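The first chain written gets the first letter, and so on, giving A, B and C; residue counts start at 1 in each chain.
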Amino acid sequence: MNWLIEFFSDPANWSGSSGIPVRLLEHLEFTLAALLPAALIAIPLGLLIGHTGRGALIVVVSANLARALPTLGLLVLIVLLLGTATVLPVLIPLVVLAIPPILVNTYEGIRGVDHDLRDAAYGMGLRGPQVLVRVLVPVALPLILLGLRLAAIQVVATATVASYVSLGGLGRYIIDGLATKDYPSVVGGSVLVGGFALAMQGLFALADRLLVSPGVSRRVRTAKIR
Amino acid sequence: MIRFDGVTKRYADGTVAVDHLDLEVPTGEITVLVGPSGCGKTTSLRMINRMIDPSEGRIMLDDVDVRTIDPPTLRRGIGYVIQQAGLFPHRTILDNIATVPYLLGWDRKRARSTALELLERVGLAPEMARRYPFQLSGGQQQRVGVARALAADPPVLLMDEPFSAVDPVVRASLQDELIRLQAELHKTIVFVTHDIDEAIKLGDRVAVLRVGGKLAQVADPATLLAAPADGFVREFLGRDRGIRRLSFVADTGLRLRSDLVVPVTSDLSRVAGVAADVESPWLAVVDEDNRPLGWVAPADLPRAGTLRDVRPLPYGTFVRGKDSLRTALDAALLSPSGCAIAVNGDGRVIGVATRESLDEALALAASEAPEPHDAPVREDADG
Amino acid sequence: MDEEPLVRWDWIARNWSTGRVGSISSLLVDHIVMSGLPIVLGLLAALPIGLACVRWRRLYQPTAGVMNVIYALPSLPVFMFLLPLTGLTKATVIIPLTFYAVAVLIPAVVDGMTAIPDHVRQSAVAMGFNPLRRLLQVDLVLAMPVVLAGLRVVAVSSISLVSVGALIGQGGLGNLFTDAFKRDFPTPAVVGIALIVALALVADGALVFLQRMLTPWARVRRSA
C-alpha cells in the first residue's frame, strides 16, 4: 500500500515521456492498433465462413493454435528476427493473437442462428446480404461482442508483456521496475494495467447494452416505437 | 391459380422427393398437402416460392413460370408461414409484421399502420406491438407469423406445418382463426400438414401424397372420406374415417321424438308414469322457455315435489338443420342417456334424437354417396 | 552467408539434459508441474463452487461476475501483486493460473449440470439414489463432457501462460524466451515455442482421449 502511495504521489510519474498519462495513451494506442486490424480481418472472415459454412476447419484450428502459442515466446522471436527499429514487428503477434477469439465467436454466432430464422428470412424475400446484415448479424451480435471482448483481454495482456521486448505502454513500469528493483513502480504499474483491463471490460459491457437488441438479450424492457 | 406441371425433385444423392406432380391449386381456396413424412409435401410447397427449384417440370403462378422470376422478388409477393414462426428475435412484433412492406420500400408510417391493423386482425392486442418475440407464447408467435405473411397483402399464402408446434387446444383456435380470416380474405393458400384432421378441417381441397412424392388423391374432404382412391389413402385417413365423414353429413335425416321432453314444472309423482308410457328410462327436462336443463332418470327420483327439486344431469345439444351428424353424435355421447337434444336456432328444444334414430341415420349415411360439399355443413365447432 | 540460422541444433543437443538447473529437460519438467497444478487445483476448487451455484442459483450471478473480472486481469500484473507475499517462487505463477482455471471451469460445471434433462434426474431420484450417489453416479457423469471441454481450454491456456512467469524467473520453458532475448539468440525461443505447443497438443489429446473413455455413450451415438 505504501508503495502505491509512493508511486502515485511522485510528481515525476505524472509528466514527461514516461509519465502515467503518456504511458496510458500508449497502451490505449497499442490496444486499438491491434484490435482494429484484427476485427477488420476476423469479423468479415467469420461472417463469411459462418454464412457459407465453408472453411470451418480453419476457424477451429486457428482457435486451438492461438491458445497454445506462448505470447512471450512469439514476441521474443519476432523481435530477434525483425528488430525493434519500428513498433510494427511487435504489433504483428498482437494482431495475430487477437484474430482467433473474434473469428471463432463471430463464426459460432452466425452458425448458431436458428435454421428456421434463416428460412423465414429467405422465404420473405430478403437477399443473401440482407439476410446477413438484417438478421444474422443482429442475432449473433452478443457473440461477436464477446469475441471482441476476449480479444481485448488478450491484447491488453500481451501488450503488457511486450514491454519486455521494448514496447512502451503501462507494462514498462512493471518491466523497468523489476529490472531496477523499484517495487513501487512495479505495483503501481500493475494497478494501472489491471484498471485499464477492467475499464475495457466495462466499455464492452456498455456496448452490449447499447447495441444488442433487448429482444435478443432478453432484457425485459418495452421498446419505444421510433 | 398455381399449377404444378409434371414437377419432379431429385436430389444429388438420387432420392426423389417429388415425383411427376401434376396439381392445380385454385385461386381463393385452401389446398392442403397432406401425407406421411418423406412424401415431399414440404418440398412441393417450397418449390412454389423457389426456396427449392424443381429438377423437372414447371410451376405456373397465374400462367407465369416461377423460374422466370427472381426469387427474392417472387417471395415478396407470396406470404410464407413456417412451423416455429421464425420471427426475428431482435425486432419488435410490429417491425416483424412490417418486414415485407419495408422490403418493398413502403414508407415507415404506412408499413406500421398496416402492421398494427394486421395485429388486431389475427386476434392480438395492440399492446403486443412493442413486445419482442420471446415475450410471446408459441400460439401468439404463430399468429404474428400469419400476420407477417399477410402484411403486404399477397394473393398467395404458403403455410408449412404452421400449427404443429403448439398444443392441441391452441392449435384448434389457430385453425378456427385461419378459417375466419380466409372467409374475409379469400387468399390462395397452400397448407402443408401431416395431420389428416387438420387437413380435413381446413382444406377446400386435400391432396394426399405418398412416400416417394407421388400424388395419391386430390379431392374435397367429403369425397376423400367417402371414396378414398386406394388402400394407402384409406389407411392414411384412419379407422375413424367414418366418424370424420359425419362432419360432412347434414342432420336433416335424423328422426326426432318430442315425447321424451318434460317441463320442469311437472310433479315428480307423474314423471315416473310418463317414462313408463314412452318406454324410456331417461327424460329431457326443459324450463318454462323451452330451453334445455338436462336429463333425469325418473326411476331414481323421489316421489314428492316437482322436477325443480332435483338436479338434472349434463346434456348435449345440436342445432337442427345447421349442425352435422357428427355434432349430433358428439352431443349424444355427452349425455348419460345416450340421446342428443335437438334445438332450433334460438336454442329452444324441438325434440330428442334417440340412440335408435342416430343408428338409423348413421347406417343411411354409410350407404349413401357423399353430399355435395357446398351443402350445409362445415365443422368448425369441434376442438 | 554468415547470418545466424533460425535453429542451431547443436545448441539443443548440448543443453537438452545437462543435469544442471536450466537445462531444457528440467525446464520441461518445471513447466509440466507449473501448468499441471493449476489445472488440477482449479478443477478441485471449481467443482464444489460450481455445484453450490447449481444448488443455490442466486449465487451464480455474483460468482460469475467475480470470475469475469478475474479472467479479464492480465497475468503479469497479477504475478506482481503476489510478489510481496510469495516472492520469486513458483507459487507466484501457480496461484493466478489456478484462479484463471477456476474462472473458466465454474461456468463449465454449471452449464454441464444444468444441461442434464430434468427427467433423468427425476428418474434417478425415483429409483432411490440418495443425493450423494446421484451426484457421483448420475449428475457428475452426465456433466462430464461439458466439464472436460472446459478443462481442455484450461489445460492449453495454462501451458502457454506459464511462460509469462519467465519475467520473474519462474516460467518453466518460458525461461528459454528471456534467455534468447538476453543473448540475442533465437534458437532457445524456437525450442520453447515448439515444446510448449507440443505439450499443449499432448495435453489436449489426452483430455480428448479421457473424454472418449469416460463418456462411451456419446461415442456410440456419434458413430450411429
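Before moving on, here are some points about what is shown:
Definition applied: contacts are C-beta pairs under 8 Å (C-beta built on N, C-alpha and C of every residue); 3 or more make two chains touch, one makes a residue touch a chain.
This is a predicted model, so every value here is computed, not measured.
Judged by the touch criterion defined above, the protein chains link up one after another in an open path, with no loop closing it. Of all chains shown, the one whose average CA position lies nearest the global CA mean is A.
Centroids built from CA atoms put chain C at 22 Å from chain A.
As a whole-number value, the distance joining the C-alpha centres of chain B and chain C reads 60 Å.
Separating the CA-averaged centres of chain A and chain B is a span of 56 Å.
Of all the residues in chain B, the ones that touch chain A in their complex are 49, 51, 71-77, 80, 82-92, 94, 99-100, 103, 112, 129-135, 148, 158.
Note for the complex: chain C touches chain A at residues 6, 68-69, 71-78, 80-81, 83-84, 153, 156-157, 159-161, 163-164, 166-168, 171, 173-174, 176-178, 180-181, 184-186, 189-190, 192-193, 196-197, 200-201, 204. The touching residues of chain A, counted against chain B in their complex, run 114, 116-117, 119-127, 130, 135, 138-139, 141, 213-216, 218, 220, 222-225.
Residues of chain A touching chain C in their complex: 64-65, 67-74, 76-77, 79-81, 153, 156-157, 160-161, 164-165, 171, 174-175, 178, 183, 186-187, 189-191, 193-194, 197-198, 200-201.
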